[in-house]
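I'd like to ask you about the structure that follows.
Chains here go by letter, A, B and C, matching the order in which they are written, and residues are numbered from 1 within each.
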Amino acid sequence: MKKVFALVLTLAMALSLAACGAASKPAASASGSAAASGSAAASGYKVAMVCDSSISDGGWGAACYNAMVDAAADLGWETAYSDSVAQSDYASSITSYCDLGYNMIFLPGNQYSDATVQVAKDYPDICFAVLNGAEDLPTDNITSILPNADEIGYMAGALAGLMTKTNVLGFIGGMEIDTTKAKLAGYEAAAKAVNPDITVLSAYAGSFDDTAKGMELANGMLSKNADVFFGDASAVDSGARQAIDTANGDGEIGIYDIGQPADLLGQNPCVICSVVTDNAGMLKLAMQDAQAGSFGNKTIYGSFENGCLSVGAFNDELVSADIQSAYMDFIDQMAAGTFPG
Amino acid sequence: MKLKKTLMSVLVPLASVILAFVIGAIIIAALGGSPVQAVAYLFQGAFGTPNNFASTLVKATPLIFTGLCACFAYRCGVFNLGGEGQFIMGSIATCWVATTWGIEGPGAMVLCLLCGIIAGGIWGAIPGILKITRGLNEMIVSIMLNYVATLFMGLLYTSVLRDGNVPQTAAVPDATQLQRIVPSLRVTWGIVIALAVAAVVQYFLFSTSKGFQLRAVGLNMTASRFNGFSVKKYILFSFVVSGAIAGLGGSVELLGTQYRLISGYAVGYGFDGVAMALIAQLNPVATVIVAYFFAVLRTGANTMQAGTGVPTSVIDIIQALVIVLAVAGFALVKLPQIRQWLAGRGGKKTAEKKEEK
Amino acid sequence: MDIGELILSTVRMATPILLVALAELYSERAGLVNIGLDGIMSFGALAGFMVCFITGSPFLGILAGAMGGILINMIYAYCTISLCAEQIVYGMAINIFAPAVASFIYRIYFGVSSTLAQDTLMKSIAIPYLKDIPFLGKLLFDQTPMVYFAYLMVVFTAIFFNKTKKGLNYKAVGEYPKAAETLGINVIRQKYVACMICGALAGIGGAYLTTCYVNTYSDGVVAGRGFIALSAVIFGRWSSGGVLLACLLFGFCDALQLRLQIMNTSTPYQLFQMIPYVCTLVALAAFGIKKAGPKANGKPYMREER
């Protein structure tokens, strides 16, 4: 009896090994990390991203992943990622990368702060870069990367204020997190500074990936005459844009959307402009710190003034030259600290 | 015959795991990764360092509880699929007591654990009561209750018990948390509680007369009724106990690992418990072993994904395959035709071959 | 609040749930509880999206969704019917397996980019005359063909199960499989057929999301709709009319919830999301065992040895 058991076991083992062996041949040429670094010469450094949404969500996840890949390609770092990680698994996922000898872990959001602090204690030699991390978060091995959410809101709000004809604006958020709330507040403040009669409708989808919900929320706002939209909810935003396109129909485009964090002009006909956040540039600064050994205990700010935030390309057919120049005036005032006051 | 049965219950899951990994290896190879390296990462992740080993135990703890929860109810012939809801209700009660009553220390910890047990037991009693009074299908009721519990938890961490700017509750105070067994390792006394519960369940089911009666009800309800057992009482009892086990698990998880309610908390634990109990053939001790194995797979898989860079979904595929194949394997060897054939041949290879089909 | 918009939104949100609830109805009528609807839907959503993206035809997308749904559900069918394994376990296993496969295929095919791939949406077709009915016409008769399909399926299902011999035989399989077998009904075959119908309808429900509703695919697009459909079947007491009403109610709750949020951001949306489940529990407790669905529901059927 035992003999047969042993036989079966060895057989199975041999089979699986054979399968592995056979399969590994074509892999030899492309071994190592699937998300290998770009053409730049390897620097020996490795960075990994742990993300709760999917990196192919066409929104936040994708933008952050691309930012990491771009920054890493410039400096010759290797990259890796884990996406769709549940909040309760953040810590163990981060720990995995620490154990694998990654030099830096990139956490794209404030929601990773607690897990990061917990793990960072045990791995003093590894650098942790938290995007949108709070200013009091940094320690010896944690750096916050903080694009100015107020300014993002101002930049979108000013344009929305100039473009609206109905004086009703829409804003769709994913989760009620600090940065989203700040963007909403900035959006509202700037729009009202441009035109005091404006009201802003806002709602949270409670999700970053329920596209249909974005569509329904946008429809609800459309029925209340909102005509310029801005959002902070990844895939949910793409649903909203679709609802706007549908509402515009085949005729003239009269309802607009402002994209972020990448330049989304051309993705949907309704996109008139984008507020672009250069996460790659800020992450690159953090990586250079790590290489130079000066990482930690600081917050890398991203603002319009230092070039990390910028105005994307305009849709020239929808945004007239007059409005564009009026808008750029507001942006200059914002840079000078006098807008929205 | 007994030996053959034991052999089978080891062989079937083993074969399904190997098969699932062969499929996983093929996917990894097709993506340009090295399967051998992937397996190396898997072991490194699960056992590589003392802390990894500890992490695996930490991960196993909640699974042991939900596995025992499913196991206990199944032994009485009722399908408690509400382990997740009961686990979550236990966690909620614990979180509420630990963060809002303003008490700290070991005494508070014991109180928290008790509240977790009670909350889980109450949540478990609902499908039991509805079954014995209204004759409702306990599976459907307990699934619905899982969703109610999950959404209720969501309500708490986004509004009522929310603390800070991210949707989550406050953390359990340090003094109330379950302490680490060895200060340098992540593993807490939670695993000891889990093992103790397993031992008690094993003892109760197989060494007491009440346990024997409970199993008798599970094997044949009609016969038990004729023998004068109060079937309804046993059904309710098993639901309450199994809910209490899950509730205690939720309490331990909150006090020892997560410290706060957040989104994604406990997702899938209930179902994992059911699958594990079935793979373990409803044996409490075997459930612990299977739970540990699942934990190895999970922690290892995290590292494997990180190391090889394959999409995270590959790991989910492999895990689902293990369950699909293992449960199918057991169902297969239980089929009358196959059983007869096995009895005639006395072979074990057959089970494996059939299963790959 | 704009009532017309609210009703329109209700119809839109109820349609995918309705399609999937009908899928579950066909499955449960044959005694098979399938809780893997979410999984089947996500695979159907991906298959529908990809085919629609490649061919540019939403109708082919729907067809692909149906095929994909059947394919995935065959795992469930084989294991639960032929192997007599736990139905619930396989439902849940599909819920882990199918979305992972869908996400995997999408990632491999489309890669990672900062914009989502978009397919062509199915155009709505107005029904002549009916669409001119004031108010309701625009709401109910100016929709995509899939919406009409869903409502026709409701009518068809009601007639099939109550008026036709085939339908009664079908129901017998879910009620008294042993008796059905002695009456010459091939129970095993009927159950497989049920699984194919279930897979096809659930797959269509998924594909509806990506070819008629939104024009993109993202992981998590199904967002638990399969479980709401499961509740709808129970709440609708296993009759197609009841299922329709349940779906409309749940769709309405969701639409209302989203509208309330726009007016007041502090709406606790989880309370609204609980409605389907709580309704179902209360209804179950109220009507008790007598109306608790097909009698052999969830029980494996082992054919007697010959």
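The rule we apply is simple: a contact is a pair of C-beta atoms (placed from the backbone, for glycine too) under 8 Å apart; a residue touches a chain by one contact, two chains touch by 3 or more.
As the structure is a prediction and not an experimental result, all values here were calculated from the model.
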Chains partitioned by contact, chain A not counted: one piece
Pair with more cross-chain C-beta pairs in contact, given A-C and A-B: A-B
Gap in Å, rounded to a whole number, between the CA centres of chain C and chain B: 29
Length of the line joining the C-alpha centres of chain A and chain C, rounded to whole Å: 33
Length of the line joining the C-alpha centres of chain A and chain B, rounded to whole Å: 35
Where chain C touches two or more other chains at once, by residue number: 103, 107
Residues of chain A engaged with two or more neighbouring chains: 84, 206
Residue list for chain B, restricted to those that touch at least two other chains: 31, 158, 311, 313
Chain C-facing residues of chain B, complex: 27, 31, 79, 81, 130, 134-137, 139-141, 143-145, 147-148, 151-152, 154-155, 158-159, 268, 271, 274-275, 278, 311, 313-314, 316-317, 319-321, 323-324, 327-328, 330-332, 334-336
Residue ranges of chain C in contact with chain A within the complex: 2, 5, 9, 12-13, 103, 106-107, 110-116, 209, 213-216, 218-221, 223, 254-255, 258-259, 261-262, 265, 269
Contacting residues of chain B [partner chain A, same complex]: 3-4, 7, 11, 14-15, 18, 21-22, 25-26, 28-37, 39, 41, 44-45, 48-49, 51-52, 55, 59, 158, 165-168, 171, 258, 260, 262-267, 299, 302-303, 305-313, 347-349, 352
Footprint of chain C on chain A - complex, ascending: 54-59, 62-63, 65-66, 84, 201-204, 206-207, 209-213, 215-217, 219-221, 223-224, 235, 238-239, 242, 262, 264, 267
Residues of chain A defined as touching chain B within the complex: 1, 4-5, 8-9, 12-13, 15-16, 19-21, 23-24, 26-31, 33-35, 48, 80-89, 92-93, 95-97, 99-100, 110-111, 113-114, 122, 175-178, 181, 206
